[in-house]
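One chain, chain A, appears in both complexes that follow, with chain B as partner in the first and chain C in the second.
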Partner chain A sequence: MSILDVNYAAILVDGLSFALPLLIIAIGGIYSERSGIVNLALEGLLGFGAFVGALFVASTAGLFAAHSDLPMYFSFLFAAIGGGMFAVIHAVLCIKFMANQVISGVVINILSVALTGFFTSTINANFFGQASERFMLQTSPRWDIPFLMDIPILGAAFTRVYPFMLIILVVATFFWYLLYKTQFGMRVRAAGDNPQALDAAGVNVSRVRFGAVVISGVLAGIGGMSFAYSISTNFSPAIYMGFGFLAIAALIFGNWKIIPTFAACLIFGLTRSAAFNLLPVFDASAAVLDLALAAPFVVTLVLLAVFGKKNMAPRALGDVYDKSKR
Partner chain B sequence: MAKQDAGLSQEIILEVRNLTKRFPGIVACDNISLDIRKGEIYALLGENGAGKSTLASMIFGLYQPDEGQIYIRGQAVSIDSPNEAVALDIGMVHQHFKLVSNYTVAENIILGDEPRKKALGLFPYVDIKSAEARIEQLSRDYGLEVDPRAVIHDLGVSTQQRVEILKMLYRDAEILIFDEPTAMLTPQEIESLLQIIKNLRDQGKTVIFITHKLDEVMEVCDRCAILVRGKLVDISNTADTSPRELASKMVGRDIEFSAKRPTKGMGDTILEVEGLRVEDANGFPKVNDVSFKVHAGEIFAVAGVSGSGQTELADAIAGLAKTKKGDIKLKGHSLSKMNVRKRSEDGIAYIPEDRQSVGLVLDFCLDQNLALKSYYRKPYCKTSLLKPVAFSEHAKGLIDDFDIRCARGPKTITREMSGGNQQKAIVGREIDQGADLLIFVQPTRGLDIGAIMAIRERILDERDKGKAVLLISLELDEVMDLADTIGVMYAGQMLKVAAAADLSMNQVGEFMMGVTGNE
Partner chain C sequence: MSSKKSAPQRPDQTDHLPEQSRQALHGFNKALDDATRMVVKGLGAERWQALTIPLLSILLSLLVISVVILAFGNNPLEVFSSILAGAGWFAKSNYGGGQSQLTDLINLATTLTPLLFAALGVVVALRCGLFNIGIAGQMVLAGFIATVFVGYSGMDALVARPLVLVIGVVVGALAGALIGFLKYRFNIHEVVSSIMLNNIFMYVVAYIIKLNYHDPVSRNMRAASSDARLLTDPVHLGEASARLPVGFLLAVIAAFVLWFFLTKTRQGFEMTAVGKSPKAAQYAGIKIGRTVVFAMALSGAMGGLAGVTHYLASVPSIAPNVLPSVGFDGIAVAFLGNAHPLGAVLAATLIATLSTGATYMSSIVGVRQEIAALITGMILLFTACGGYLKSWLENKKSMIADADRAAADRAAGSKGGDGA
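Our next item is the complex of A and B:
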């Protein structure tokens, strides 16, 4: 295989199909962290969301027509709910009980791996009568977007797209609008910079932060479900591949702002798909493939080392807000 | 009391009756009764810890009184939260501003009370445009110069304070409480703030002004209530009283105002700074080609408006900032190769500007803080083990010598102490080093008269013992009162160095503004 045979269109669309779920998870992280709550739990949230979504698909398999796409759309809704519910744990620990936010996040990640692994196996064994540690999903349809796909070069980005990519674009736009244009968004961003100011303005800081953390779970769930469809077509604990942490890297690299974070996600996505699609050119072995999987993380390290200095984390990030202390 | 200015209304807008607030171990406000008329500037005067802020906090709903009643426009009210205070048209500018640093002025002002509109009749959004217009109108009406689109972290302290004032006006506050509003400001900024406060009164607002600075009370306030240790001792019409009278009521004894005491004669050169250049992170010179000498038995005071490079100068001498060019010599030898600890052991004591973050570890006990410069030596540390007894013995000595008031002696958590006593602790620790050079940066900022006098007295004592003192202060009074030699910094340069006797306050003021044409 020569360099000319590489499927450049695939690099583009594969890159996007990785970048967009990463983006929606990162936006979730941005909500939480802009409100002042450190969220290392994204990994666990995306996994738990995907688990709930996949459980819905697995348990309703008989209710829908054989090749219906409806279960897939519903699975995203359930993944969002599942992620949001799991995030409530983080919110309660960090806000109500003023726990250390880093520890809470790490614990939720471990808990998520353990719970989803356990429940997947037991549910499979007890309800579906098969010994398996995964829920199978249907193959997602892939669409060609009319007209846009005919654009030279960039048109490739509009061929064979996953429906979730469009869902994410809509959801991401909505949450961008919510964060930057509305009253709620304004309060979220204020909570992460100076919660005392928000409190003095008569706003309940805890409530705003609670909402932001739950949103982070909702969005991470949607992202996790997307990965389940695009990467493996099933849910198994193999979904915990560190993408939640990659999303954190993206949002830090994007300076806790949505548009620059999108750029970071694109870089990560394209790096990954380029590594995958270019490997055959060099006759690489499977071992090298493992190395290629690490490409986005290596890029992260390099980028953070170069641009890390300019980063401005939310000022009150990680601060426990105790109203009684003035 | 019978005769009032014709313009001043007799309507009582705020009345407190027998207000008492207790905290564990202390009665912060003890049976206080006041009435405040609509349209007056009413001062709450007292030293730190006198209960002024507690009283104001009860009026603003931050604390609830244990006893007593508040009346607004004759109505008995119970103010359980700042929200309720705002609903009663009460506003407060806190000593530490409550602003979101990465928000614009307008966003900060509307936070919590955001005007909303709907795009296409469907999507709600915060209507920042109309808010900006209203803020511009307000800032014109009250003479508060502010750009509603500027971002807070780009603004200076005094502008941020104007934003806090606009926040109150935006919510239609009628009773405006200012908690120590001049503590962080330069003399020029204070002047303009006082003018703003007068404007507010002239527009019919009622102002409650918390302060411990007598000249401000005399300049703007109509009446003033003096609090001492939680008790109301007197209410005066400022027109009928004098600063000296107020001061003695406030401190409970007569105060010697001018501490002027000339040097007993200067000795050898202790500190020599030659062509010093210090840059900030962007390579911009904060200290530019500065040279001067400080002798034994001399107080060399550096005057200048805030940000003229004084802090960087002091940091460079102490070893906290990098010297880019030039040299600093102590007793004839260069310090350039020495780190902070070596310099301290070599004879530099440093009382930093930011006492809470640079001078102390707030969550340590007092005895540990008092040994911060010596904990690694005998007798505090033997064979790598700390000796707690040595710490507390040492602390007890300093607590007595420097009159540091601390509830639980050497084991008091430093954070719990008042600002004045924290500063006394630092001054005590540094003087105790027996250093040849003492650097004082803003040593009395934000302190009450009692503490200011005590610290100034210490500075003079050390000078009289033959120490060299480098005093950096934004308070021109302090410079004029203490200095033997005055150096004026402007934009990073030492614009003028002269014997204190040869400079008038006005001349120093002009040099501070960069004017050199008066020679």
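Our next item is the complex of A and C:
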């Protein structure tokens, strides 16, 4: 193969198909952390969301027409609900029970891995009559976007697109708008920077934080479901590959802001897909893939070392809000 | 202290009820009050809360899990006792060749060792206000370098084993110090740099393994020679025989040394001071940067020891492209142990018991072994609420004191009659 045979379209689309789910998970993290609640639970939330979505697909297999895409769309809805419900645990622990937020995140991750592993095999054995630790999904359709795909060079990003990429773009835009342009978004940001001022303005800080944490679960669920479709076309405990932690790294890299975080996700996604797609060209051994996969992390560290000096976490991040303290 | 009133003092809103149910309600309130007093009396002693609250968490989580097990039609007691038997605390009904209750206990110690080291690493960092999520990466790197330089060298066991431990300490400390340095010098959050370094170490190690040290059969790294592994030659114990884990005693000693270091030495105090309030520590003349790097180096050294005791004792060799889950379980153990080195010993024993015993339990009772992780998660869930329980206890304590004082006043008032 020569350099001319490289499938640049594939690099773009594969890169985006990794970057976008990561982005939506990271936006979830941004909501939670901007409201003042540390969220190390993203890994667990994305897994539990994907579990609920896949459970829906597995349990309704006979109800839809054979090649209908409807179950797929519903699975995203259920993944969002599942992630949001699981995030309630984190919210209750951190807000009502004043738990250490880092511990709570670790708890959610452990519980998520344990619960989904336990229930996937138990449900498979007891209800579907098969010994399996995964729920199969159908292959996601891939779309060519008319007109846009004809743009020179960039048009390649609009061929063979996963539907979830469009879903994520819409959802991400909505939540960007919500965070920066609405009253609720301003309250979320105030809750993490100066909760006393928010309280003085007559807003219930706990309620705002609760909402933000639930949103983080909803978005993580959507991201998890996307990974389940793009990487494995099934749900199994293998979904816990550390993408939640990668999203945390992306959002801290992006200084808890959505647009810079998107840039970080693109770095991860595009270097990753470039590694997969370029290796055959250089006739490299499969082992080199590992070196290439390490590249985005090195790049991130270097970028952080160069530009990270002014990185500032939300000021009240990790603090339990106590009305009586000033 | 508190403006709230305890239950018996509430104005009587039960007048509209029939006499019988009013009495029942009063009885219920009385019982509730007594129960509260009992709980407060049992758990109120702050001195023992570090122990009583985790114990209560364990009890509660076992209760919840019992309900789950019952729902699946199994006997919880059978599940718990067979987990304990599988880990070697009880005798099993029968043993395979060369095995006994003692060898089960030795297996438990072998898996417990890296878990304890990992937890100690997390504890040290936590004391300095740092969250070392990078233990897994430090484990891979230390295990890899020790295997490459000692595992294939054919050195005599007397030289090889101490050398492996030294490599674990040095490599781990360097990897940990790097995280501290990045935080101090470049303001990179330790959680981010740890996650980045975890992935970098994992992929680079996988690359070198696949290039040079690949075992085509196991698809893992070629195993180190038994002279380099941190297990003794088989020791005969009656009919059974087992290899003893070299690192186990070391891990327990490390816990005590760390406890001494953190509470009784100047540097330990400085670390704790930085963890509690960096600004105050700086004001007191403590060099923050140096303390942070040192704390991370110490934490990393524990991570490195976890790596060599994991890859050169508890499992056969390194699987490429996989971060060891022990590195993350250590975080749970550290929190369960109340971020205290000696607490970590108890917590690691519990978690290792659950995870090693679950396999046997699964084969005997038929409940899936993921139940062990579920129990761990539940225990941690209740532990996380410990802070809330503490403030609830404080609240109730002062309420009860108030109520008692009021009752005493009333009693005195009715005796005195006319008053002032």
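The criterion applied here is as follows: the second predicted complex is superposed on the first by the 304 of 326 C-alpha atoms of A that agree within 3 Å, B and C clash if a C-alpha of one lies under 4 Å from a C-alpha of the other, contacts with A are read in each partner's own complex, and residues count from 1 in each chain.
Definition applied: a residue touches a chain if its C-beta (ideal position, glycine included) is under 8 Å from a C-beta of that chain, and two chains touch if they have at least 3 such contacts.
Quick caveat: nothing in here was measured; it's all calculated off a predicted structure.
Colleague: So, does A:G318 touch the first partner chain B, the second partner chain C, both, or neither?
Modeller: In the superposition, A:G318 contacts neither chain B nor chain C.
Colleague: Would you check which partner chain A:G155 touches, where first means chain B only, second means chain C only, and both and neither mean what they say?
Modeller: neither
Colleague: Looking at the overlay, what does A:I110 touch: chain B (first), chain C (second), both, or neither?
Modeller: Touch partner of A:I110: chain C, not chain B.
Colleague: Thinking of the overlay built on chain A, is A:P260 touched by chain B (first), by chain C (second), by both, or by neither?
Modeller: A:P260 sits against neither chain B nor chain C.
Colleague: For A:L291, decide between first (touching chain B), second (touching chain C), both and neither.
Modeller: Second partner only, chain C.
Colleague: When both complexes are superposed, which of chain B and chain C contacts more residues belonging to chain A?
Modeller: Comparing chain B with chain C, the partner touching more chain A residues is C.
Colleague: With the two structures laid over each other on chain A, which partner does A:L93 touch: chain B (first), chain C (second), both, or neither?
Modeller: In the superposition, A:L93 touches chain C alone.
Colleague: Same chain A residues contacting chain B and chain C, which ones?
Modeller: Common interface on chain A, chain B vs chain C: nothing in common.
Colleague: Which bits of chain A are touching chain B when the two form their complex?
Modeller: 177, 181-183, 186-187, 189-190, 193-194, 196-203, 312, 315, 326
Colleague: Going by the contact rule at the top, pick out the chain C residues touching chain A in the complex.
Modeller: 72, 131, 133, 182, 186-189, 191-193, 195-200, 202-204, 206-207, 210-211, 320-321, 323, 328, 331-332, 335, 368, 370-371, 373-374, 376-378, 380-381, 383-385, 387-388, 391
Colleague: Can you list the residues on chain A that touch chain C in the complex?
Modeller: 40, 89, 93, 96-100, 102-104, 106-107, 109-111, 113-115, 117-118, 121-122, 242, 245-246, 248-249, 252-253, 285-288, 290-291, 293-294, 297-298, 300-301, 304-305, 308-309, 311, 313
Colleague: Inside the complex, what are the residues of chain B that reach chain A?
Modeller: Residues of chain B touching chain A: 62, 81-83, 86, 94, 98-103, 107-108, 111-114, 116, 123-126.
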